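Encoded as C-alpha cells, the structure appears first; notes follow it.
Per-chain numbering from 1; labels A, B, C and D assigned in written order.
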Amino acid sequence: MVMQTAVLHGIRDVRLESRAIPVPAAHEVLVKIARVGVCGSDVHYYTDMHIGQYVVNAPMILGHESAGVVAAVGSSVKHLQVGDRVSLEPGVCCRTCYHCKRGRYNLCPNIVFMATPPVDGAFAEYVAWAEDFVFKIPDHVSLEAAALLEPLSVAVWAVQRSGIGMGASIAIFGGGAIGCTVVQAAKAAGATTIIVVDLEPFRLEFAKEFGATHTINAREGNVLEQIRAITTPLNGLTGSSAGVDAAFETAGALITCRQTIEAVHSGGVAVLVGLPPDPMVSLDIVAAASREVDIRGQFRYANCYPAALALLSSGKVNLDKMITKRYALSEAGAALEFADTQKKQSLKVMIEV
Amino acid sequence: MVMQTAVLHGIRDVRLESRAIPVPAAHEVLVKIARVGVCGSDVHYYTDMHIGQYVVNAPMILGHESAGVVAAVGSSVKHLQVGDRVSLEPGVCCRTCYHCKRGRYNLCPNIVFMATPPVDGAFAEYVAWAEDFVFKIPDHVSLEAAALLEPLSVAVWAVQRSGIGMGASIAIFGGGAIGCTVVQAAKAAGATTIIVVDLEPFRLEFAKEFGATHTINAREGNVLEQIRAITTPLNGLTGSSAGVDAAFETAGALITCRQTIEAVHSGGVAVLVGLPPDPMVSLDIVAAASREVDIRGQFRYANCYPAALALLSSGKVNLDKMITKRYALSEAGAALEFADTQKKQSLKVMIEV
Amino acid sequence: MVMQTAVLHGIRDVRLESRAIPVPAAHEVLVKIARVGVCGSDVHYYTDMHIGQYVVNAPMILGHESAGVVAAVGSSVKHLQVGDRVSLEPGVCCRTCYHCKRGRYNLCPNIVFMATPPVDGAFAEYVAWAEDFVFKIPDHVSLEAAALLEPLSVAVWAVQRSGIGMGASIAIFGGGAIGCTVVQAAKAAGATTIIVVDLEPFRLEFAKEFGATHTINAREGNVLEQIRAITTPLNGLTGSSAGVDAAFETAGALITCRQTIEAVHSGGVAVLVGLPPDPMVSLDIVAAASREVDIRGQFRYANCYPAALALLSSGKVNLDKMITKRYALSEAGAALEFADTQKKQSLKVMIEV
Amino acid sequence: MVMQTAVLHGIRDVRLESRAIPVPAAHEVLVKIARVGVCGSDVHYYTDMHIGQYVVNAPMILGHESAGVVAAVGSSVKHLQVGDRVSLEPGVCCRTCYHCKRGRYNLCPNIVFMATPPVDGAFAEYVAWAEDFVFKIPDHVSLEAAALLEPLSVAVWAVQRSGIGMGASIAIFGGGAIGCTVVQAAKAAGATTIIVVDLEPFRLEFAKEFGATHTINAREGNVLEQIRAITTPLNGLTGSSAGVDAAFETAGALITCRQTIEAVHSGGVAVLVGLPPDPMVSLDIVAAASREVDIRGQFRYANCYPAALALLSSGKVNLDKMITKRYALSEAGAALEFADTQKKQSLKVMIEV
C-alpha cells in the first residue's frame, strides 16, 4: 500500500514520491491527512536546507501543521476510532527525561518532531502518530482550522509565558501568521490593549480584524513613543510608568527584538517568539535588567493543544480567516514558492491533500 | 456646608440626615457621588445590624459601590482634577503593614473600608477619598457601570485566585450579582466552558446572557453528574478525570460549598467567594485533600480596579445590564427593602444620588 | 528462580512465600532489595486490610520505601548498570494522561504504586521497576537512608506545596516520621522558625534534634496562643498578624486539622499532609476563607526524588537517625506489629532483606 | 544640634562636615548610626561622581548599609522605642504608585534611596527614617552584621527571583561581597550544588567558607565545560541536559554575563545581579531563547529585610565574617580608597561611626 508524498531533496527542490503507508504501532493511530499548513520553517528548509543547527541531510517530507481523519487504530488505542476527525500535535516526546517528567516536554532532547530533520512531516496522504498527541475535533470545526491549531499553540504558549491576564496591555512586533494568532490568543486571555507593529499595511489590517486595538506602521513615526503615548493615559496615577505589560517579538529581526524589550514597563515581560537571524544580538541588557524586564524565549509549546482547541471550538479565535491561498499536495513546491515570495501579501498557505 | 445622607440607625431603620460636607485632606479628592450600588452586605447590615464579627454600634452610612464627579482636590493631588468622572475603590489601606508592603492590601488589618463599621459609606452626596483609590473613567463608561466596578473587582480577584486562563472549564455556584460578574470575568480571562448552577430560572437566564455556556437548575437532576457529563467529552484522552478546572462558590450555602469542591477535577481549585451562613462547615476534606483540590477563600480584592476598569472600558463586560431597579438617595430604605425581599427577581439595585 | 516475599493475607496475617523472580522489561531494571521502610500505610493495611477506598482483596506484598542494588537490566536501559546502588520511587505513572503530561503525575489515575492494592510492594528479595523511577545513589549514602527517600519525598512535596522559602515561620502538627521529615525539608528550604506540636515528649525530642526551633506539648497550655506568642515578636511592625507563614498537618486528627488552619496568619497556607480518620470534617471554613488562608491537600508527590536525594547526599537531612528498630524480611509480621503497637516510642521501623 | 558627616564633593574628594541633626517626622525614628558598610556603588560615586544615569551634582553623603540605635521617635511611631538596636532599609517608596501597590516597591519611580543622588546617605551620626523601613534586631545580632542586611537583601531577592529551592544546582559568577551573600542565601534556600567562578583565589577561598560546594578559577580551563562536568553526574537519566538550574551574574563583566546564560540548562533561569559596564551587550539571544532560559535582571529588592534578618538571626548566614577592614567615620575617604584599590584582597569595608 503506497501513498503520495512531497519530499524536499534540495534547495527549492520538492518532488512527489510514493512511500509505503505507515502501519500504526499499538498506541498509534493512522491518520488520513486532509489539510497541512505551510509554516515559515517549511519555507526556510525549502530555501536553505537548514535552520540554525538543524540540517536536512537526506530527503525529508515537510509539513507539521496537519489535520485529517483516523483511518486505522493500533491495538492499544482507547480514545480514538476510525472516522474521528483529528488534529495532530507534531512533536512526540520521550516521556522519561527531566523535562517530560516536569510537564515541559517541548524541551525534551529526545523529542520526535515532524519536519525537523531527520523526521518526516505531514505533506503526505497518511501519518501514523501517538494517540495522546492526536486530538479529536468537534463537528463544527473545519479541518483547515484544525491544522492551524499548531501555530495557535505557539501563540497560546507565548501568552502563557507572558503571564498576562484580564485587562493587560500588550504590544506585538510582527503581524504575520504568528503575530495574528498571538493577537487572538492574547485577546482571549483578557488583554484589552493590543498594539501591533509591522511594516506592511496588509498585515496591520488583518491584525485589526483579529482584535488589535491599535496598529503602528513602523515606517511612520517613533514606534516606542507611540506605544508610550497609548499606554500612558491607561495607567494614570495608579498605573505604571509608560509601556505595556508584555511585548512579543514575532518578526525575527534585530530591531524588533530590541523594541520588544524597550516597549515593556518596569517589571514587565518580553517574550521572544521569533528569533533574530544572527545569533549574537546586541541588546541594552543593562536597561532591561535594571528595570527588571524579564526576557523569556520560546521553543514550540507544551500542553497547549487542548487550550487552543477550546479557543477554536468556542469561537474565541478564527483560524479559517488566516488562509490566503490553497494548493493541492501535488503542488507543494508551488505552495512553498508562493509562501516564500509573497510574504507581504500572505498570512497562511494551505495544502489540501 | 451640609449634604444629605442615608444613615442606618437600627434594624430596617434608615433615616435621611444632614451631615457636614467633608474637606479633602492633602492627598484626597472630594467626590460628588452620582450612583451607589446596593450590595448584599448593605442589606445584611440593614436587616441584622451586623455581619459576623462586624457590628454596627453607632449610626452608620451604608454603601460602598460608588461613582461620581470630582468636586474638589486636596493640595497634593496630582492625577485628578475637578470635573473628572471617577469610580471609588472603597478600602484605603495603611500602606505600611506586612500585607500592604507585599501588595495584598485587602488583608491589611488597619484598612478603612466604606460601610464596614465604624466607617461611613457612600449613601451620601459627597465623599472625600484618597487619590490613589479613585479611578478616572473614560467618557463612554456610564457612572452606573463605574459604581459596579466594585463587585466586578470581587470577580476579578476570584478569577485571579483561581489561576484559570485560556480554554478553562469552570463552574459557578450561584447566579446572583457576584455569580454573574464572575461569569463575565472568567469569560474575559479565557474560560470556554462556563457552567452556572442556581435554583432560580431568572438568574440562570441572566447568567446565559452574560456568557454562561451551560446552566443547571439545582432542582433538576444531580448537579455533579451533570457537571461531569459536560466536562468529560471535553477532556478525552489527554483530559483530566471529569470535573472543571476551577469552581466558584457565590451562593453562600453549605451544600454549594461542598459542591464547589466536588465539582473540580484532581489538582483543580475551589474558590470560596461567598461564605456559608454558619462558621463550622462539615466538608469531606479527606476527598479534597487526596485529590489535591486547593481550597482558596477570598476577602474583597487587591489591585483589581485597574483590570476591572479595563474590562469595562473595552466592552468585555456589561455591568449596566445587571441593574434591576433604581431609587433616589431619599428612598434608600425602600431600595434596601426591595433588595432584601426581591432577591429572586433582582440582580442589582442602584441608588441615584 | 524464586525469591522470598512477605505477603499480607488478612488482618495481622503476613506469611513468608516464595515467588518467581520477576524478569525486567526492556526499560526496567531488576533490583535486589536491601532495605525497606515500614510506612504507616503498610501498618494500616496490616491491621485493617483497607485504607479508605483502597481494599486488599487478594494476597499482597507490602512495602514501598525501598532501596537495593541493580541485579539485571532490560534491553533498552541506558542509565543504570548491574551493581548500581539505587533507591526506588514506588509509583510508575501512565505518562499519557492530562496529569502526567503536565508534570503532576501523582494525580495520574492509572498510576501503578507499590503496596497499593492490587500492586505488590517491596517486602521481597527482588523488584523489577521502570528505569526512570530508579535513582542511583552516591557511595556515601547508606541504603537505609536511600529507602527513606520515599517519606522524604512526601516532605519535599509538602514544603513545595506550601510555597515557603528563606526566613519562613512554620508549624508542624505531629512529630512522627512524616513530621520529622517535614522539619528537615522545611529547614533545608530556608524556614527559620519551626514549631512542632505533638503529645509525645519522645517525638518532640526527636523533632528538636532534626531542627525544630520550638516544640509545644499539646497537653500543656493553649497551642494556638503559644504559636501566636512565638510568631508575634518575629513579625513586629512590618510583620503580619500573629501566626505562621505555613502550617502542616501530619498527625491525621480532626483537632490538628483545625489547628493547622488556625495557626496560619492571613494569606498563609495550610498543607494537609495527613488526613483525619473520618471523611466529613467540621471546619471553620468561614474564618479560613475570610483570612484567605489557602488549604492545600497532598497526594504523594511528583518529581521529588531528585531533590530529596540532593538533600540527603549533601547532608542537609539525616534519615539514618530516624530508624528506631530493624527486622529481617522473615520477621516482617513482627516489624508491622511493633510499628503498630509502639507508635509512641518509634519513628521508623526498617526491614533488612 | 549638629552632627558629623562625610560628604562627597568631587572625585575622590570626601570631606568631614557638620550638619544639623534631623528631626524625625511623625512616622519616623531618629537613629544614631553605629555602623555603615561601604558598597561598590559608594566607591563608584567616589571615583566617578556618577553611575549610569545617576549623577552627583551637589555634595552628597554616601553610605546606605547602616545600623544603629534609636535615639528619638516621631509622634506616631508605635513599634519602636528609644534604645532599640535597628537596621535601616535604605529606600522609602511612595506607597501609592502601580509598583508600590503591587508589592514590588523597588521599581517605584518616586523612591527615596540613601546615597543615590540627590538623597543623602548614612555616613553620618544620625539619620531620620520611616518607621516601617527600620527593623529591630535581636540582642545576639551585631550592629555590624545588621548593617550588612542590605547586601544580604540583594542576595535574597536574587535567589527569590531565580525560583530555586531544595536540591537546586546553581552557579555564581563573581565571588565578591554580593557573590558571597548569594552563596549564603542560596544555601539557605536549599541549593545543594553551589559553584562559584572568579579570577581571584582570595575570593574563591571565601566562597568555599560561606558554602560553595565547587569553585572554578576562570583562568584555569574552560569554565562551561567544568560546570557541565559537575552537573552531568547529578542529573543522570531523570536529570536535565547538563547545566545548572540557575546562574547568577555578580561580577559585572560582559564575559560573565554571557556565561551566566550559557551555564544554565534548558528551562533554567539566569539572574543578572551585576551589570556589564557597557549598556549594549552582545548576547547569543537565539540560543538562550530557543532553550527557554529566562533572563531576569534585578534592581535592588523588595520585602527582603525580614527574610534577611531571619536568616541572620538564625545563624543560617554569617555576615560578620565578610568584613575585611574597619575605619572611623572621620576616615571615610581612606575607607573608600581602600575599597577601591584593594578589591582583590577585600570583601567588605566597614565604617564605625
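Operating definition for what follows: contacts are C-beta pairs under 8 Å (C-beta built on N, C-alpha and C of every residue); 3 or more make two chains touch, one makes a residue touch a chain.
For clarity, every value in this text was computed on a predicted model and none was experimentally measured.
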item	value
Pair of chains joined by more contacts [C-beta pairs], A-B or B-C	B-C
Distance between chain centroids, defined by C-alpha means - chain A, chain B (Å)	38
Sequence positions of chain A contacting 2 or more other chains	96-97, 101, 104, 131-132, 237-239
Arrangement of touching chains [line / ring / star / complete / other]	complete
Chain A residues within the chain C interface of the complex	27, 95-97, 100-105, 131-132, 302-303
Chain D residues within the chain C interface of the complex	78-80, 131-132, 135-136, 156, 159-160, 165-169, 185, 188-190, 192-193, 213, 234, 236-239, 305-311, 313-314, 316
Chain C partner contacts - residues on chain B that touch it in the complex	52, 96-99, 101, 104, 106-107, 109, 235, 237-241, 257, 266-267, 272, 275-276, 278-299
